[in-house]
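Here come two complexes built around subunit A, the first alongside subunit B, the second alongside subunit C.
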Partner chain A sequence: MSSSELILSVENLTVGYNEELISKINLEINTGDVIAVVGPSGIGKTTLLRTIAGLVKPISGDIFCKAPKRGGIGYIPQKLGLVRHTSVYHNVDLGARSGSRFFSEPKTWFKRRSERVTTAVERMGLSDKMNEPVRRLSGGQQRRVATARTLAQRPKLILADEFLSELDEDNISIVLDAVKEYMAASESAMIIVEHNIQRATEISTRLLQIKNGELVEYNPSEMKFDLDGGLI
Partner chain B sequence: MDSISLQHVEKGKYQLLIILGLAVFTLLSAVFALGLGSSSNLDMVTSWKIVISDTKKFFLNIDTVADNLWYNLTACISSSSCEDRSLLHGIEREGTNIQNAIIWDWRFPRILTAIVGGIALAVAGALMQGCLGNPLVSPLTLGVASGAALGAAFAIVLGFTILSIPELAIVANAFFFSLVVVTIIIQLGKIRSISAESYILVGIAITFICGAIVSTMQYFATDAQLSQLAHWSFGSLSRPSGGNVILMGLILASLLPTALKWSWDLNTLSMGGDEFAISTGVNPSKIRKNILIVSALMTSIVIAFTGLIGFVGLAAPHMSRLIVGNDFRKLIPCSGLFGAFLMIFADTLGRTLFAPIVIPVGVMLSIIGGPFFMYLLLRRGGHH
Partner chain C sequence: MNRALKKIIFTTVTLSVLCYIFLNDLLQGDWSVLSASWDNLETFWNESLWPPEWSMLEARKYPECGSSIGFFCSKAYIGMLETLKMAFVATIIGFTIAIFLSPFAAKNLTSAWVYIPMRIILAATRSLPSIIWAIIFVVIVGLGPLAGVLAMTFYTVGYLGKLQYEEMEGVQNSPLEAARAMGLSHPEIVANVVIPESSNNLLSQLLFMFEYNVRHGSILGLVGAGGIGFYLQFYLNFLMYKHVMAFIVVILVVVIIIDLMSMYIRSFVTEDGDVKRPSWSTIFLSPNQAKKYHHGKSEEE
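After this line comes the complex of A and B, so read on.
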């Protein structure tokens, strides 16, 4: 990537529902950044992503997002949110549809949309399941459908909540390769919530750990682990 | 999440045909309604002859029509001593002057109001039911209408008006006060923890507050003012003039495309809620806010001119849902057509049934529409 530009900037943000979960969040995220957020269960990782996505309003502070208003943010939820009785194609098409603008080129809209779907499904290694109803897929396959849906949307900022769980090593590398390829081609940024700290350091360019209700930033290349995979 | 399934895709063509049929049917009933009335000067056949021949002449002499329109727009604005020309001025016409006046000056704007108002209220209802995820919502739920009523009461009882043109004073007040409510809705969107339910609850609170203020004013009002206020609150199609209708139509036409543009986003919202919507790339809170603003505007521009008409906005979307299902790309146009048809039907019945007494369309709609609506819903309930 030649030059990186600012995608998201967060100032003095406090997130939470009835009580504060994480406060004093200050972040600047540029294209090419892969930010991993780690922390124990129930600490507020999902809440942070939901706040950035606009699903939860911040308790205080500001979020400035430079991604396009329509389809600029891609969200891969922890609970997937797929339409279970329709096909993989249909589900991925939901993302492709919000990411492609009909009025820019009405004639080729359908073609472009279906190209996006097939490419994304292929990258996730699910081509043979294209017309299968989602409810007949395994947990890991369903997770890849959710990722394919967001890739087909082609967002500038991907928010991925535990999108590698339930996947074996082979599939993890399939998904990571596809996402990295997409990010290189589209100059986008990504925030990943990951409970496995070791994996988080491997895949991220910046690591944020939630400690005592605040974010602490680490450089992943300087991380050391004890035998249990805990942070030293 | 099973509202949109593959079966719907297959049924799509059939449903499009139904929508097309409904459009033609609505148009025909509009023409039919033009010929119906209680005047002893005019029977049905004569009025259809006039309608057909005048329409033909309108298109055959489009130059003269354009001249007349231009004359109205220029000469009449620059000099005060000029009389408005009818568009067919200078062309020999079927029927007597009084017959022409009944059809074109009296019935035509009325039916046009029915169409424009019906479309606006029904589409607003469909949009609001979709984005708030609640089938009980109608355009009057958000409190826009009670804002309008408050505005009208200010004008009638206190003589407090925004615009000092007498004919438009009440309309302007009603519109302005409903805009105040729209502004409150916009501000609500910025508040933390605002959910679909809180929009509805705040709307109900606004309705109560405005209602209480209006009641207080009624308590101190004179008899004449009371009757004027009561008349305003019976929604009626006789108030808007031809010019008013065109204004309403233009505003509606500018808002409709945006409504259709958001129909897919509404689909995702109604399929699986906010988290589902954002995971397919649709921003739910933004969409919800925009849709509420557009539908509130549609509602307020209509009821400012016509007074309170509530039933169409609730019933038309439900009736359409029985035919085309939950896909908003079809539901929005279908609701609009249904709304227009219901309004024409109720108004024509209202002005012919007990002629020469005219029953206001708002009242008529609820009387005939209510039982029919109940029948439809109960019948569907039986099928489940």
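After this line comes the complex of A and C, so read on.
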């Protein structure tokens, strides 16, 4: 097994829009890490993810990301970010396009992209929906398309915002298996925002909870839950 | 009386009072000008407009008509066809230029350093009505349809450009953010996210612009820019209103046909649609009604 390598380093980061939501964030993420960020709604989980993705400027602090600028970060927003009027192929191809270099081998660019799309879509069990407009798919299928897009991109860092919500158990296992398989095969890391703490502990290697505007780290294997899945 | 109703009544009364004040100001308080207006219209309609001079839809005497159907050699057909060609070319070229420029004018896609100058350029092309552009191009390239095409193209760029960048600004943030996080370039985001996401309304605007250009193409002939407007100007100069009326009826029919075609084409891309409309009988129905109509028919079969 290859040794883990630092992918993301966050130093004294403060995130928020007009006011601070989370402050004093210090974090190092290595390959193989699956980090779950939990906490109640409106506390800044999504803002943290968007800041790491480079979509929101941090109020203060630094983010050092080793993933390449193009194709290095795969982001699955809460609303999925799919182009609804176009096909499944088109959407997944966006990931493949960003992840495969045109200038390295221009002649095979289209072929390489097409292979990535086909593999990712097949892995998500959506081969028969390849040319279907995304807007016609069910919510669960759309989540699988968003995941396929990220898998086709083959990023170093996956940022997923509640990407398992609204999915039934079958769909959850399809998506999780595919992501785990990808992470095992590639040297990548993942940060997920998850509402369900119990599920977050099951899939993550490190768990971060936002408490009083700061991140507190837990070891998932040492966590205990009440009957409702809440943290004890 | 609930709050919402009070608001509606207040807004309606305020707008009505404002309209009355402005109109009164424009008429300088002399409302008597309206008293004889209905009689004037009736006289003008009966004596000068109706019935239209339908001979405008018959073959011209010269040059000799080569077609067995006389209508295809009529002034109305020839003029209208030229206007349609002018409008088509101007709309397509204008749309193509506008779709390249508008992403640089959208706030959510570029910085203020780019979108403000681009908006000024688009506003400048739009600030001159197409008829003024036509006068300018008649001076530059001479009388004829080319001046009309150029005038309409310039106006289309300004007009469609504004509609397009406003549409692009309305695109949901989520796909844009996903694409940005992936590291896709600006042109890639525009071509693969923004344009497909707003395709429905962009298509709608394109069809509207074509219809608009057909209507305005008819007027451009007044300044010598070709099309059916040439005949309108000719007969207006001689106060032959019945001839003019025949051309107006033709324009009206063509505009209605374009409108129907526009509805039909857009019905394929509407959000809740996915409604194929195999028959023209459903063209006036909403997507839901059209679905019901076709389901009803297939059940009968």
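Simple rule for what comes next: the second predicted complex is superposed on the first by the 231 of 232 C-alpha atoms of A that agree within 3 Å, B and C clash if a C-alpha of one lies under 4 Å from a C-alpha of the other, contacts with A are read in each partner's own complex, and residues count from 1 in each chain.
Here, a contact is a pair of C-beta atoms (placed from the backbone, for glycine too) under 8 Å apart; a residue touches a chain by one contact, two chains touch by 3 or more.
Since the structure is predicted, the reported quantities are computational estimates derived from the model, not experimental observations.
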>> Both complexes share subunit A, so when I overlay them there, do subunit B and subunit C fit or clash?
In response: clash
>> Taking the superposition on A as described, I'd like to know which of subunit B and subunit C A:39 touches: first, second, both or neither.
In response: neither
>> Between subunit B and subunit C, whom does A:153 touch in the aligned arrangement: first, second, both, or neither?
In response: both
>> Just to be sure I read the superposition right, which of the two partners does A:68 touch: subunit B = first, subunit C = second, or both, or neither?
In response: second
>> So in the superposed three-chain picture, is A:57 touching just subunit B, just subunit C, both, or none of them (first/second/both/neither)?
In response: first
>> If we overlay the two complexes on their shared chain A, which of subunit B and subunit C does A:136 touch? Say first, second, both or neither.
In response: second
> After superposition on the shared chain, which partner residues are touched by A:84: those of subunit B (first), subunit C (second), both, or neither?
Replying inline: both
> Which parts of subunit A are in contact with subunit B and also with subunit C?
Replying inline: 50, 53-55, 69-71, 73-77, 79-81, 83-86, 90, 94-95, 97-99, 146, 149, 153, 155
>> Under the definition above, what is the set of subunit B residues touching subunit A in their complex?
In response: 1-2, 5-6, 191-194, 264-265, 268, 271-272, 274-276, 278-286
>> Can you tell me which positions in subunit A touch subunit B when the two form their complex?
In response: 50, 53-55, 57-59, 69-71, 73-77, 79-81, 83-86, 90, 94-95, 97-99, 146, 149-150, 153, 155
> Taking the complex as given, what residues does subunit C use to touch subunit A?
Replying inline: 172, 174-184, 188, 192-193, 196-197, 199-200, 269, 271, 274
> Along subunit A, where are the residues that touch subunit C in the complex?
Replying inline: 50, 53-55, 68-86, 90, 94-95, 97-99, 133, 135-136, 146, 149, 153, 155, 159
